[in-house]
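We just call them A, B, C and D in the order they show up, numbering each chain from 1.
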Amino acid sequence: MSDRVAIIGLGWAGFRPTTPDLSYKELIYEAAVKAYADAGVDPRRDVDSFVTVAEDFHEGTSIFDEYTPDQLGAALKPMHTICGDGIHGLATAYMLIRTGRADLVVVEGHSKASNILTLPEITAYAQDPILNRPLRLNTHVIAGLEMSRYLYETGATREQCAAVVVKNRRNATKNPLAAYAADLTPDEVLAGPPLSWPLGKWETAEMTDGAVVMVLASEEKALALSPKPVWVIGVGWCNGAVSLESRDWGRSEYTEKAAKMAYRQAGIGYPLSAIDFAEVDDTYAYKELQHLEALGLCQPGEAGPLTAQGFTGPDGELPVNVSGGNLGIGDLLDAKGLVRALEVTLQLRGEAGPRQLEDVTIGLAQSWRGVPTTSSAVIVMSN
Amino acid sequence: MTSKNREFPGTPLSEKDFEQGKILFLHDEMNGQYAWDTGIGIGRYLAALKEGYLLGSHCRRCRKTVIPPRTVCEQCFRPMDAFVPLQDTGTVNTYSLCYVTWDVQRITEPEIPAVIEIDGASPLCGIMHKLGEVEPDAIHIGMRVQAVWKPPEEREGAITDIRYFKPIKEKGR
Amino acid sequence: MSMRKVAVVGVGMTKFVRRAQETPKELSWQAAHMALESCGMTMDDIDSACMGTAPDAFDSVHMKGEYLSDGAGGWGKPYMRSYVGGGTGVFAPIQGWYHVASGMFDTALVVCEEKMSSYYPHGQAAFLTIFDHTTERPLKPNLLWIFALEMNRYMQTYGLSKAEIAQVAVQHKRNAADHPCALLGDADITVEDVLNSEVLAWPVNRLDVSPVTDGAVAVILAAEHVAKRITDKPVWIQGVGWTLDTSYWTNRDLAYPRYVENAARMAYEMAGIREPRREIHIAEPYDPFDYKALHHLEGLLLADRGQAAQLYTDGIAARDGDRPVCPSGGLLGVGNPIAAAGLMKIAELFWQLRGEAGARQVPGQPKRGLAQAWGDLMQVGTVVIMGTNP
Amino acid sequence: MSLLERNRHAPGAWRGTLPITSRYTAGLGGERFFRAIKDEGRILGARCEPCGVTYVPGRVFCERCLGELTDWVDVGTRGEVAAFTVLYEAVDGAPLETPELVAFVRIGDGGLMHRLGEVAPEAIAIGMTVEAVFKPKAQREGTILDILYFRPVG
């Protein structure tokens, strides 16, 4: 029983701030039918298991997994929901295949953020109901606090955070899936309205609708079905202190642990030399810097200066978020991890079109579930 | 009981403990508002309800006509072939007499939910709705029923445009 | 094909109560702490944490899995929450199983929790939100509607009486009188009590239904080489299966749960079971309503269609019968904190198969048990088969 | 009617709500922590000896070793500003007329997120010492709001 697993099918739909023409089921179906054609599989006959990532309150429905099978072709088949990020879904599919009891597993994630009329108040309901929520503070306050500590501990500057926004939204100009492409200067970003100082509104990803479906396969099935399988060589996920009160506000130590788990599995001793490019969570601009350091792709405090110097630019030494990231594409709620993994897979297949990077072999995708969580997941892939 | 016969944790409370302030607690309420995109299938369904008829969809491969209409046949995982207007009559597949409202208030006059197989759709294909103008003990599985519509000007394109389903008086019964 | 074997090595649970003072985190911790103590393990021995909990509406916290993570041992660990409605309690150990069987981890702490009393004033009202927001919720359905509709269909299809079905509530609530965590254990309940209890949604009366409950359960899973070091009586996960049916519950026959059959066949195939009725010594089908236990016994192929009630009538399902059903007391007796209710059945099989169920012990050294949970819109079946040999 | 034939009457979206009405107990740890604030104006932590951590607020379990915490300690009412921010958006997403000064105040190995008072934004610096300002005892209800804000010391 070989334990190699590959991604052999990709499908996506939407990627616009609003998708009023389609219901969430129809949006997911559009992504699913493309993924199954790409993988050359029939869900009703070939697929052994299905995984969805979703959260009830984002859907406006309790027990949302009731409404997931039909549009994926999963009726009367093994299917379950993971309340996590898209990469948690990929890790689940990876484990299911590694048990030897499944050869083909489908992972689905989507966002209909445009349908949520009171997202800030719903997000606030994720705060601790006794210790935090009674203060009636917008949940972005947690990002504001973390950014203030991060800048204090690493010496990173607001200009360097602005450089992340400039880079990612310019990268987005080459990505047809990106809804928020723009050509900006750091000053324009810094001149934007404050959200939770030192965090500005322009350093915060906007919401967008969309769906992503991926088909994962055991080695045997992948070699039989796919001309260009993209191998999952390492996966890791970790939670930190969920209580604000016992957090280390500067570092993302949970991303560090998730990365160590993935690197150990991939046999990567020195990430910077092994990883050719990365898609890293940038729900807030400073998070990209914090995550790069947590991923060991640069030393603590180095991410800011390196970004300002173009080290992580599309033609820099370590291209980061060539897709545009959340800042350029938009925030797809629980599916954002799948969007990171989608870009890494397209790059490793050489199918990234105008933003294709030259001869890349190992890519990393990392995602974070946003405030108020301390939940991060990492997946390392190679072609 | 278990390998170690220790006391199981857990601190039960009564409503009195709250009322008498024996323990600290607080209330909260979430403002969860949504506008769910109806899309093609459910959009057409609601439009049909507004116009006073029930709509299903048909899959040629498995030859089933289902309701509510959807753009994908979940059995065959292929696009449905067509939307199909259906009658607003049907057969009671099952029913209940419910004396508790959704927010757990007791009522003396029962609400009568039912699954009604709609004429024109395939067998066992029905919708949930309510029965009305009927004596509870007259209801039986297999009973023939007819939709009672709100007047056109009151209809808004919603499942509640049908007030309820009432028995069809069989001729000679 | 050699596959990594996985065993349950430790369990813990809280009392099942109508309303708990503990926060959801504290309930999860209490169960997890007891599970660790039951087998002398510490958090240093735990490689991964799996949380199973049902609607966020009950504990009334958005992204509830994150909020519960520290109580469930998720601090600094790989941690995920799985969620398949009412089926979560038996799916969570399956989640733990694939964590270990995949070779990614040697151990997994699996915690299931539900605090329904945080939904105020009454937990049952939260169930309005499980119905389709456009085509069904506007009718203001009560959760009982869908059960009463299914029970009525089941009764009419197979000609079953309410009295036959009430035997289930009676046996389970009597069994629960011997369970120290039970909320509704009652040694003297009779069929008449059930039939005379107030009608909620005909044909469902009050004592046909399991109560809204708060509680948590935890189990620890370990790979073979670790399990044998920790305990001389590991209980092996021999088979797992789960199936989710279409969401269009009004387009299929409610009299028979095909999705439970599919899940059961998946688990039987993995466990190498060809004659379930002979090879399964204890069955813990999901019993949120009394008729559901019968409905599920038939889906699990442990009784012919429409014949499950006969097992109770003939005393076969009794604790000392040939094929005991729900010796724990089930959801009807011990209580129904949704996700934790399913895992309570796994904990019961662990104690039963180790001969540690005390007053509830099924006689005759049972070797193999089946636990099953159900959920969603009459739609998901999750099955785990556990046994004394790997 | 073909599948793609658009129906102009088709309503674009169905409006609805997710009714969530809640009642939370403070919990075993919360009961002790907030009683001390309500009745004595004291902030309590709880010590986990094996892990060498003093959790503030005090709680009944250690998140690292899942051990039970029984050693509660008074950690005083002062702490150090570990992080602070000026919040411009209300909880419903609308802009705030007057922005809020919010800090994470480190106390022991834990701390509290709370508002800062009696101080101008420019005067706030990470590392400065602040102390809790409580509501008058009669107005306290045993919640986090019994603390009005933290203010600079001296």
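Heads up, the rule we're going with is that a contact is a pair of C-beta atoms (placed from the backbone, for glycine too) under 8 Å apart; a residue touches a chain by one contact, two chains touch by 3 or more.
Everything quoted here is computed from the prediction, not taken from an experiment.
Participant: Give me the set of chains touching subunit A intersected with the set touching subunit D.
Facilitator: B, C
Participant: Let me spell it out: compute each chain's centre from its C-alpha atoms, then which one is farthest from subunit D's centre?
Facilitator: Of all the other chains, the one whose centre lies farthest from subunit D is B.
Participant: Approximately how many whole Å separate the CA-defined centres of subunit A and subunit B?
Facilitator: Going by mean C-alpha positions, subunit A sits 37 Å from subunit B.
Participant: What is the distance in Å between the mean C-alpha positions of subunit B and subunit D?
Facilitator: Distance between chain centres: 41 Å.
Participant: Using mean C-alpha positions as chain centres, tell me how far subunit A is from subunit C in Å, no decimals.
Facilitator: It comes to 33 Å between the two C-alpha centres.
Participant: So the centre of each chain is just the mean of its C-alpha atoms; given that, what is the distance between subunit B and subunit C in Å?
Facilitator: 26
Participant: Return the residues of subunit A touching two or more other chains; collapse runs of consecutive numbers into ranges.
Facilitator: Residues 20, 57, 60-62, 69-70, 75, 115, 118, 121-122, 125, 129-130, 134, 241, 243 of subunit A each touch two or more of the other chains.
Participant: Two or more other chains in contact with one residue: find those residues in subunit B.
Facilitator: 11, 13, 23, 26-28, 30-38, 40, 42-43, 46, 71, 74, 158
Participant: At least two other chains touched by the same residue of subunit C: list those residues.
Facilitator: If we look for residues of subunit C contacting two or more partner chains, we find 20-23, 33, 57, 60, 62, 70, 75-76, 120-121, 125-126, 128-129, 133-134, 138, 246, 248.
Participant: For the complex, give me every residue of subunit C touching subunit A.
Facilitator: 1-4, 23, 49, 54-57, 60-67, 69-70, 74-85, 91, 95, 97-99, 101-104, 126-127, 129-130, 132-133, 240-248, 258-259, 262-263, 266, 270, 375-377, 379-380
Participant: Along subunit B, where are the residues that touch subunit C in the complex?
Facilitator: Residue positions touching the partner: 1-6, 8-15, 17, 23, 27-28, 30, 34, 36, 38, 42, 45-46, 66-68, 74, 93-104, 110-111, 113-115, 124-130, 141, 158-160.
Participant: Quick one: which bits of subunit D touch subunit B in the complex? Just the residue numbers, please.
Facilitator: 1-3, 7, 9-26, 28, 30-31, 34-35, 38, 92, 142-143
Participant: In the complex of these two chains, what residues of subunit B are touching subunit D?
Facilitator: My answer: residues 11, 13, 18, 23-38, 40, 42-44, 46-47, 50-51, 71, 79-83, 85, 157-158.
Participant: Can you check the complex and tell me which residues of subunit C touch subunit B?
Facilitator: 11, 13-22, 27, 30-31, 33-34, 37-38, 60, 62, 120-122, 124-125, 128, 133-136, 138-142, 144-145, 148-150, 152-153, 156, 180-181, 199-204, 215, 246, 248, 250-254, 351, 354, 356-359
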